[in-house]
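In what comes next, subunit A is part of two complexes: it sits with subunit B in the first one and with subunit C in the second one.
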Partner chain A sequence: MKLQELRETLRDFWGEFRKVKYGMVGLVMFFLFLLVVIFEPVLIPFPETGQRWRDITYWEDNPKNAAPVWVNWFKRKDYTPQAVLDKPDFNERKAANTQVAEAVFTYDYKYDLPPIDLLLRATGKGLLNLAVHLERPDGLSIELTKKSFRLSGEAPVRLSLDKEAVGAVGDFLKTYEDPDVLRGVSLFTVKPVEVFFARAAPGILRNPAPLKGEYRIKLTCVAVGSGAFLKEPALTVAGRVFGLMGTDGSKRDIWSGVIVGTKWALLIGLLTSAVAVIIGVFYGVTSAYFGGAVDLVLMRIYEVFQSIPLLPVMIVVSAVFKPSIWMMILMMCAFFWVGSVRTVRSMGLQIKEETYVEAAHALGASQGRIIFKHMLPQVIPYAFASMALQVPVSIVYEASVSLLGLGDATIVTWGQILHDAMQGGAVLQGIWWWIIPPGLFIALMGMTFAFIGFAMDTILNPKLRTR
Partner chain B sequence: MSEVILEVKDLKKWFPLKRSLGQWLRGQRTWMRAVDGVSFQIKKGEIFGLIGESGCGKTTTGKLIMKLIEPTGGQIFFRGEDVTHLSPEALKAYKREVQMIFQDPYASMNPRFRLHQVLAEPLTIHRIGANEQEKRALAAEALTKVKLTPASDFLDRFSHMLSGGQRQRAATARTLILSPSFIVADEPVSMVDLSTRAELLQMMKDIQEELGLTYLYITHDLSTARYFADRIAVMYLGRIVEMGTADELIDHPLHPYTKALIAAVPEPVPGRVNLIKEIPIKGEIPSAAQIPSGCRFHPRCPFAVDDCRHLTAAKLILAGPGHAVACWRYKELD
Partner chain C sequence: MYWKYVIRRIVSVVFTYIVIIFIYSALFNTVMEKTIRAQIDEQVKQEMLVQTHVMSVADLKRYQEERLAFHYKRYHLDEPFLARIFWRAVSTLKFDFGNSTIIRSAAGERKVLTIVGEKIPRTILLFTLATAIDIIIGVLLGMKKAQRPGKFLDQSTSIMTMVVYGMPTWWVAMIMIMLFVYKIALFPSGGLHSVPPPQGFAYLLDLLYHLALPLLTLVLIGFWGRAYLTRNIVLSTLQEDYIMAARARGLSERQVLYGHTLRSAAPPIATMSLLSLLFSVGGGLIFEGIFSWPGMGNLYWVAIQQNDIPVLMGNLAVTTLFYLSGLVLLDLIYGVLDPRIKVGGKG
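Now for the complex of A and B:
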């Protein structure tokens, strides 16, 4: 019986809600955000973003402050995007106590501005003698570097050619560049990878022309010792543009950060507003129902809470205690409940005087019964509307505190990304992709719930007036 | 018919009024004396009518008896027991015995409740009926009693889906479901269409006879009171001014106020459609916050003399068998 009534009420409400266009827009956006949270593992290229946001080793292969890939659409010259080549032609020969492995990576270079680095990664054990060769589309073959690793157990190997190929680039430049140009240049300022992706002709250092075509990077490894080996080699082409939203000053993928931040924003917004409004509704109804001295005391307490500005309190609390998201939610709940009290109280005062409440008294109904059965159900629609309107406020508050650097360091929130952007001088350097995505998501999330809340308000308010 | 089921002795309800700063400093208190010393007895199985203008305190008296508000003074006895002040448990038991029908059938039921929920509420409160089915059956039975049949058609309706008369029947069903012995009916038909009034009152009377109920019938309408009530008390400004059996009181009114009330009842006289009756008393009922000295009725009484203004108000005195009046001059005026 009860279930059927609920269904009918919901159907009526839905019928009205559908007519409010911006309400529907809000609802669609809300479902999109929900989808983002549900499909988070599929959406983010860095699965451990949530846990290792502040771990620099997790992000070290990425370029720093790289713009999003799609800026290439608007530039005359194409920037090399980030690419990971993890399926080389891999051959290995094993002999007694030695393993000879050869991995050939084929990279199709078709951009105007070269990558900033080539990074080789592998896992190995024992004494590893590595040699890296580059075969260019113009037929030139260059030995980039030779390096040995001695690994006692199984361990990762990382080779940045930007650093290792400094010697090779010197020889290469001497062959092709005008000696007059080279004379005033310190080899340490030369970016080897940039040189190797340029046409081999005078001007390679000053005015490099891109040499497009297929590059082959050959990694040869002789592993010496019993059980010595090299496996799973991969090559990362560190690009100048990166992913959907670029990277920040700590080489982190902003897209992953923003997506992971969605669930925290939803959690903060929904949990805070739900708890705050539930407290507020009970408080208001209690105050209205009991009236007299109880009302007087409760309203004075309410006024005290209402007149304390929350932001300074949150800053102090975050500074004194270890900043934690739960502490922040708790603080917001402790102050946001005041939002619905006044309206709920005045509604309660009105309902209290209704004849059917008097009739319930005449039947011997307890206070609890009158509050829960007769007063609260009338207030619930309003409660939902004010909950929706409270969500963006909570999200913005969390963002504000995080922006000040007092956010929870164990999670990623949009406010914290903005804080890092501010710290990293994103505004001065024009790194707009560091600021706009988190800012836009905060705005969109706020808009979503504001739309839903306003739509509920327009539906419910005329009814509230007649009641 | 002899056992007294409810007795009210010198019942008072004074509402405090807001004081000015000066009054507050001087420790003065002002009151609105809504009910100011009312006494009467109601016998078992009787219909007792309480009549008066709006603001005379009749509804307050009803609420005092219902224990919805606490009296300022006086006592209420129910079946010989003092029920003026009760513990919460005793109060709950009392409310099972004494029920109330409210004036406005549109407002007396929660608009969000279906009829079976409205009727189940008293059952839930008093822990009657083991489960929903049982409560539903009891609700259906109560609806049949008030002739809302077939009950199954009505159980799932909201109160706004009923007509005024049907609502008042449903409200009556809600009071009957606990099988009370005493019902306070506060103007139960005043907001119902004229055409359904008689029907509704007849239904109430049938139930009363069937279940041996006692009614306190509060109304401003003399004609329904005469039709419905066995005995009538006329209230004016917080006091009873005349009390007697219905026929006696209306055929031989003694108090000038009662006379005026009776004279004011419109009669549908054929051919004299434009007749507006000349009412012998003038003006409005005075505010209960400023009660006139002497006889409370003197400012409006056409027969008032100086004594009426200065002497303390007359007590109810027996003027005949089962007929009491509170007027210094009733003998002269008769």
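Now for the complex of A and C:
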């Protein structure tokens, strides 16, 4: 069989494959997954997800366990989504050793349930005296807080108004809430930001009505000292709903995690199955071709490998040695090759008896030539099919090991997200957006390769074709 | 003839088991020894505490060294590396898995064999029951599919098979628990029985109540693949000449299907079913943990969380033994169902 014949075989195979509808669906889904991997930087709102997944400071501005934004479509009351306002009206005046900066953020509040927090971020240097004012749509103006920072070099400034405005909220409540209600309430249990986004009337604490409209948050900064300044102020409205898939218990964006996990799943699946099937095919063909003692020994080794329950072994090995993802892939390869050996061997035994192999022998072809040129190409379609069917198995195995908390901690995989969900009590608390997306992606990826593999299988087994 | 086959198969599997245990020993000997050394140190310290008042400091030191040497000798820890691996394998083969570090059995014992032993029947209960239901539904559905291949029922269920192919059962379990335990309180959240367990007949009902959701989840995901396999096997049998002959004789489609086809399709169907039972026990490791079903799979979770190495090793050895026995059983059943196997040597 020449190279051109191989090409023809593959072309015929493709011609058959194109007719299987679900096979094509699988192929389209596969390309979609590839696109996700290629356009990963565009798709994720947090560009450093892959590197800083376990770095809590990277995620600290996000709300905890927040549902996806689109749950608002199904709820009677709208939850405030996360918003970042980084383009305020910024004015600064400079005098001899001081800089006076003023930033006004305009926030259009049109939801029913208020944000959890307002977070101010900026970069500054020197002695900074900050004051934050809030102007409400009903004309009330409140001084939320005053705070000073002394920064020796250029450093970030972060201000959580939920923590800082406790004093201001006390005065505000005294003016508007019924004193009888206030007497039984400790100010430390009051959420200031929630109060400031409610209608100023009795009941503001117990059953607040949302005050919708345009809020203006004014940040004033007097920076004292030579070279003191404040720049790039930004305001984060920490919402109750967040992004496409919400956040987890460590405030991480699940959508970003799932998207970043895609490339790892593809890598684990494709690499493992490709290597494993290639080994298996060579093993089977070699065993079939040589026969006799070689076959006997190879089959004995095969039986030992086949008799090892891989998942428990993998779990124990991972628990003991804490392997990296590459070691895990290697381990899976070392066991998954057995999957294709038996079929390939029996195919090899048949091909060996074909007349053209005999002819090649008679012409003095070397053993390598016969194996590579005459036997291997015949089993290539089968190899592709078993590769495709092996991909989901590899992915599920890695996910299972990761679910136990034994995954490689330097990367993000879907199994690890599910492990965190188990640990974080997502099942108990019904945080479905933490459980469904990663598992669904595993299932979708599995489906993709199942479609492709089953389609190939149907073509390879003509007996199964429906009449 | 059949007995010869049985014996050959068993001898071969015992050999395989020994080889596997040696591989395990080579892999895990170091970490196992570390645990045993720590256990010995602990034990000797306890012994010394008793002797503190009787002995002088120098005596005490000598006594400690003596005791340590005694225990090291007992566990072959003073021998060269390869010999230690050998002894590790031998003690594993004798089911001597040592004592656990933290985990205890229901009676409070620390022998790993007892701890693992009491989990075995629970795992078997859950998975054999699930597989039995799976097989019934799967084979019946598979036959129906094969009867009218390419029609709506066949196609839609085939698509479902592919949809659930890469779906982790434990993920479905998480969703089921979230839905049917915490959202709608239909089932208990996990465990084997209520605490405290009821007595008599009520215990059985309670057990079934706790079994229901894990069982349902396993069956829900399991039978699709079996149905597809059955369909393929039956379909390829249906194209044999003798089926055509049976049809030509005017036998009803029912008779052809259940009388002629099933007879020759049974062995591969049985193989596939049992094989998937074995694999499902492997996947069930994770599954049990989700439902806190206190079987062997759950023991892996607990042992990993507590970092209890002896339990982990013992559990692995027992799991492997089970797996291998399953494979042998499979071959033996196959031999009964398909007489060709036991007569002709090569499978």
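Just so it is clear, the second predicted complex is superposed on the first by the 450 of 467 C-alpha atoms of A that agree within 3 Å, B and C clash if a C-alpha of one lies under 4 Å from a C-alpha of the other, contacts with A are read in each partner's own complex, and residues count from 1 in each chain.
As a convention for this text, a contact is a pair of C-beta atoms (placed from the backbone, for glycine too) under 8 Å apart; a residue touches a chain by one contact, two chains touch by 3 or more.
Note that the structure is a prediction, hence the values are computed from the model and not measured.
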Fit or clash - subunit C, subunit B, common subunit A: fit
Greater subunit A contact set [subunit C / subunit B]: C
After the two structures are overlaid on chain A, angle v-u-w for subunit B, subunit A, subunit C in degrees (C-alpha centres, nearest 10): 60
Which superposed partner A:L311 touches (first subunit B, second subunit C, both, neither): second
Partner chain in contact with A:A293 - subunit B first, subunit C second, else both or neither: neither
A:S366 touches, of subunit B and subunit C: first, second, both or neither? first
Touching partner for A:Y356 - first (subunit B), second (subunit C), both, neither: first
Which superposed partner A:M447 touches (first subunit B, second subunit C, both, neither): second
Distance in angstrom between the closest Cα atoms of subunit C and subunit B, superposition on A: 11
Doubly contacted subunit A residues - partners subunit C and subunit B: 467
Subunit A residues within the subunit B interface of the complex: 1, 5, 354-356, 358-366, 369, 373-374, 377-378, 467
Residues of subunit A defined as touching subunit C within the complex: 22, 303-304, 307-313, 315-317, 319-320, 389, 391-393, 395-396, 399-400, 403-406, 418, 421-422, 426-430, 432, 435-436, 439, 442-443, 445-447, 449-451, 454, 461, 463-464, 466-467
Touching residues (chain side subunit C, partner subunit A) in the complex: 12-13, 16-17, 19-20, 23-24, 27-28, 31, 149-150, 154, 158-159, 161-168, 170-172, 174-175, 177-178, 182-183, 232, 235-236, 239, 282-283, 285-286, 289-290, 300-301, 303-304, 307, 309, 312-313, 315-316, 319-320, 323-324, 327
Subunit A partner contacts - residues on subunit B that touch it in the complex: 66, 68, 91-92, 95-96, 99-100, 102-104, 107-112, 114, 121-122, 124-126, 132, 171, 174, 178
